[in-house]
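Dropping the structures in below, format is structure tokens.
Both of the next two complexes hold subunit A, though its partner changes from subunit B to subunit C.
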Partner chain A sequence: MDIVIQIVVTGTTLGAMYALAAVGLSLIFGTLGMFNMAHGLFMTIGAYAAYAAAGQLGLPLVAAVVAAMAAGAAMGVATHLAMVRFMLRSKAFETNVIVATAGLAILLQDFVLKLFGGYPYPQPVRVEGVVRLFDVAVARQSLVIVAVALVLIGAVAWLLLKTRFGMAIRATAINREAAQLMGVRTNSVYLQVMALAGALAGVAGVMISSLSTLSPSMGGDPLLKAFVICVVAGLGNAWGAGVAAFALGLLEAAIQYYVGVRFGFPVMLLLVIAILIWRPQGLFGTEKVVRL
Partner chain B sequence: MAALSVSDLVAGYHNRPVLHGVSLDIEPGTMAALIGPNGHGKTTLLKTVSGLVPARSGAIRIFGQAIETAMVHERVAAGLVHVPQGDQLFGEMSVEENLRMGAYLRSASEVPGALEEVYAFFPRLAERRGQSASSLSGGERRMVGIGRGLMAGGKVMMIDEPSLGLAPLIIEQIYEGLRGLSRADRAFLVVEENPSRLIGIADRICLMDAGRIEWSGTAAEVAGSRDILETYLGGH
Partner chain C sequence: MNDTTRTAPTSRRDFLRLAGATTGSPALLAGLNRTAAAQGGEPVIIGCPAPLTGIVAADGIEFRRGLEMAVEEINGMGGILGRPVEAVFVDTESKGDDAVIQAAQRLIDRDGASALITGYNLETGTALHDVAADAGIIAMHANTVVVHDELVKSDPDRFWGTFQYDPPETFYGVGLLDFVKGLEERGEFTRPNNKLAIVTGPGVYSINIANALNEKAAEYGFEVSLFETVNVPISEWGPTLAKLRADPPALIAVTHFYAQDQAQFMNQFMNEPTNSLVYMQYGASLAAFREIAGQNSEGVLYATVIGALQDEIGKAFAEAYKARFGENASPNGGGQTYMAMHAYAVAAALAGGPGAPYEEDQNRLVADRLRHLIYRGPVGTMRIVPETQSAYCYPSQTKDPSLGMPHIFSQIQDAAADGVLVAPPPYNVESFRLPSWMQG
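For the complex of A and B:
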């Protein structure tokens, strides 16, 4: 029983971090039709922004998380304004933008390395201590991660489903031309989605680094996992991505315990391949992927 | 002043011009029908007026306001509504969400009244309001498309082939409905393949061929002009 609780706690924590990364990645894919290879670096920069705010400037933890969100959002906005918007109308947009954002990721990673060095600093933005849950010791930070993820993803869901702003995002994702004909400024919607997804990535970076350490290359692994989650859920399906993130987090934790830590990701990938053979559109995807 | 005035409009895709100087005036309170063979620029004209296709030259005015260089959303704000071909509904949204999107630029206080009007108009949509748009039949989809356009409360409404792919009975209902929507401060431009459906409904019929308005007149004049019918419409 203790073991099951331990696995659930570990898996939910992993899932919460994956969800923060995957929901943003999926929103960008669903709305702009682009796979953002720089998403991992948005996480890295968010993590370092929180480190700088709390560790170097001595700001309170909440302010440091806000700084991470702001840094991530700023990266999203800058990426769109400086790069993506010029490529949107091009014929081979979907492949071009993968190459372009991958290049941006390399550039940003070098920039972080130059600015902070490669030393694996601990993330100061974390809550110390342990609570007992049914006789199992659980790190407070795990609970914080899950709570933050649920609150933020809940807020995004509310935004998308209940507000005029969210309706415009959904309409643009489903049919850009029709959204324009309703009076939606689709270029602003793209910018807003990049900011929103960047902010989520910034928080994801803080959470991920709080359980390991900071490093300029820390975004690579979560980006890969977020991508896998988006594909499993059905590309562009943000709800599906959130659900799939928690499911795969739990699965990974269980495999790590019962089979071995180093088998977590390979077994996850095998399962993903099986799912995609069975349902090529992803678990929650509809027949057609949202195109631009 | 014309509700919609298009003069010498030239537009097309990439290096292929489709409209070669289209001129057209629609008076407030009237319905004009655009007929003509497929592939001769009817849909392109609508898309150029709404801004989805950029105009190369020429002027477009809505109640005197020049809009040919405006962004799509600015044209919507000016009162132009374009109900596109093939409905282009937001499939994953419910019927009511689709209708609400139609009123995107209106203030929140105007939306309930507009919704009520559309539901009174198409009672079928009231029954289906919670259903996702992708689950509707062809006729219902068309009603949502037109209803979504009505939600904008626009002054000039362009509808691309409201009858395409529908059963004759439903086509009759839809045209019946459109006739009922006629108002002094509103004008309609409807694209239609089959001119016989427009007799008694459209005030003016414009025949489009090879990227130009070749002829225009009343529905009665079309019916009386064997030449026009035989040359352009295969004697229907």
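For the complex of A and C:
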């Protein structure tokens, strides 16, 4: 029983971290049709912003998380205003933007490196201590990560499904021209989505670095996992990405325990291949008809 | 990316102010500089391809610091036969062979490096060999891999210039088992059972150490209850810890060596520790480990075949190093390139000066001097095994501590300070303490 609880705790924590990273990425893809290669750096910048706020300025933890969200949102807005909006109507937007954001990621990583150096630091924004769940010691920080992930996924789902802003996002995602004809200011929607995704990335960075370590390259691994999850869920399906993240986290933890730690990620990748063969649109994606 | 940095030569006055007592060799080099005719003012370029960013940046930064400090001291003594030394760094970004080869080639072709001196890179352990051989220059690294030995032995005429200035990793396995046996013989530790858990990373270095442990465990009465290979980087240790808690071993050996991953292991292990000794390969020797793990680091054992000693020379170096780079700087990492740079300077001076790239005849003379040099630095004695061009290991290869680089075991007894050296004699300064989590 203890083992099962341990696996569930590990899997849920992993899933929560993956979900935090994946939801913002999926939101951007769903709205703009853009795979943001700089999303990992948005997380990194959010994590360092929290580190600077709590560790260097001595602000309370909540203020540090707000600083991370603000930094992530600012990165999203700046990326849109300085780069993405000029590319949106280009012919090969989906390909070009991957290259452009990959370049931006390199630039931002260098910026973080110059500002903070390459030395790994502990994230001060974390909750210490353990609680006992049946007979298993669970770190409070793991519970915080899961709670934050659930709240943020819930908030994004509510925003998308229950608000006018969400309706505008969904309308823009389905058909930009039709949305414009209905009076939706699509450029504003794009900007707001980039800000929202950036803020989500900022929080994700804080949570991920609280269990790993701050370093300029810390966003690379979560970005890869987030991409895998978005593909499994169906690119652009934000709440589906959240569900897939928790499912894959639990699966990975179980494989790591029963088969071996090194097989966790390879099995995830095999699953992606199988899903793409079975459902090319992903588990929660919908098929699209394209007229030639 | 602008990833190249240079150190400016410093004055003799700066040297006298900063250092002096860290090794005995400065006097030798200064003497050579005084007696030899000066060779002119062209700087000697030392290229350092090091992981200054990425997953092992904590080490790479120390490699840069150690080299910078040595260069300052050497220049303070008049350089190498009157020529100032200039270090040029290229970031290998914690990447593999391709990044290291490119960086090394750039240092030779663009900067004109007479020698490449670095700590380790995340490469196969053979990336520098061909680059150095083709350019006819010296390369000194501390990759700590047996594959270096095999390559040099396979073609000594081609790889005459590449030196591994520490022993290969294969000595770690048996060294740990001997260390535990010593604790038991002295009554400092009684194993609760005969189980040994080995947790390794995917790299050749970590796997070779894990395999060496696995092969020898039975001879020391251990049964390997877990042999786990983890992906890296790894921050969530839950499944591995669940296995350890389900079948607690007497000894946990983590041969995956990234400081931050090891620190997270300890943070999560201490939530519910098992009655096990915890040994961590190398990474725990870095200040970053203690900084991230905090109090959870106390009690951890670690070992390195190249680490700063806590004797007169080692302490003087550590004090000067921390005064120069701050309290959180790690003399263990910096001591490596520091010693290599000093050893190279002495060898080059003895050989009549360094050769430029493609001046193979002169560089062969430098290599010959290095091969026969017995050099005592803050990390112990560097004496090169002629066939493999790696350093001798004490006590596994030689029983004379003055003729081999010590495989040192340390324990973190205070999270706010460097670990204390608990073995081997005569370098040990403190006794082993049973970790708090094993005291009931």
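By our rule, the second predicted complex is superposed on the first by the 288 of 292 C-alpha atoms of A that agree within 3 Å, B and C clash if a C-alpha of one lies under 4 Å from a C-alpha of the other, contacts with A are read in each partner's own complex, and residues count from 1 in each chain.
Here, contacts are C-beta pairs under 8 Å (C-beta built on N, C-alpha and C of every residue); 3 or more make two chains touch, one makes a residue touch a chain.
The shown structure was predicted, so the numbers you read here are calculated from the model rather than taken from an experiment.
Upon superposition of the two complexes on subunit A, no clash is found between subunit B and subunit C, which fit side by side.
Look at A:Thr213: by the touch rule set out above, it reaches subunit C but stays clear of subunit B.
Judged by the touch definition given at the top, the superposed model places A:Thr13 against subunit C, while subunit B stays out of reach.
Judged by the touch definition given at the top, the superposed model places A:Tyr257 against subunit C, while subunit B stays out of reach.
In the superposition on chain A, A:Met182 contacts subunit B only, with no contact to subunit C. In the superposed model, A:Tyr119 makes contact with subunit C only, not with subunit B. Of the two partners subunit B and subunit C, it is C that touches the larger number of subunit A residues. In the superposed model, A:Ala149 lies in contact with neither subunit B nor subunit C.
In the superposition on chain A, contact is made by A:Ala171 with subunit B only, not with subunit C. Once the two complexes are laid on top of each other via chain A, the angle at subunit A between subunit B and subunit C, using C-alpha centres, comes to 150°, given in steps of 10. After superposing the two complexes on chain A, the shortest C-alpha to C-alpha distance between subunit B and subunit C comes to 38 Å. On the subunit A side of its complex with subunit C, the touching residues are 2-3, 6-7, 9-10, 13-14, 17, 106, 110, 113, 117-122, 130, 136-139, 208, 211-213, 215-217, 221, 253, 256-257, 260-262, 264-265.
By the touch criterion stated above, subunit A contacts subunit B in their complex at residues 164, 167-168, 170-171, 174-175, 177-185, 286.
Looking at the complex, you find that subunit C touches subunit A at residues 1-2, 52-55, 57-58, 60-61, 94, 202, 228-231, 233-236, 238-243, 245-246, 259-260, 263-264, 267-268, 271-272, 288, 291-292, 294.
Against subunit A, the residues of subunit B that register as touching in their complex are 50-52, 71-73, 76-77, 81-82, 84, 88-93, 97, 100-102, 104-105, 108, 148, 152.
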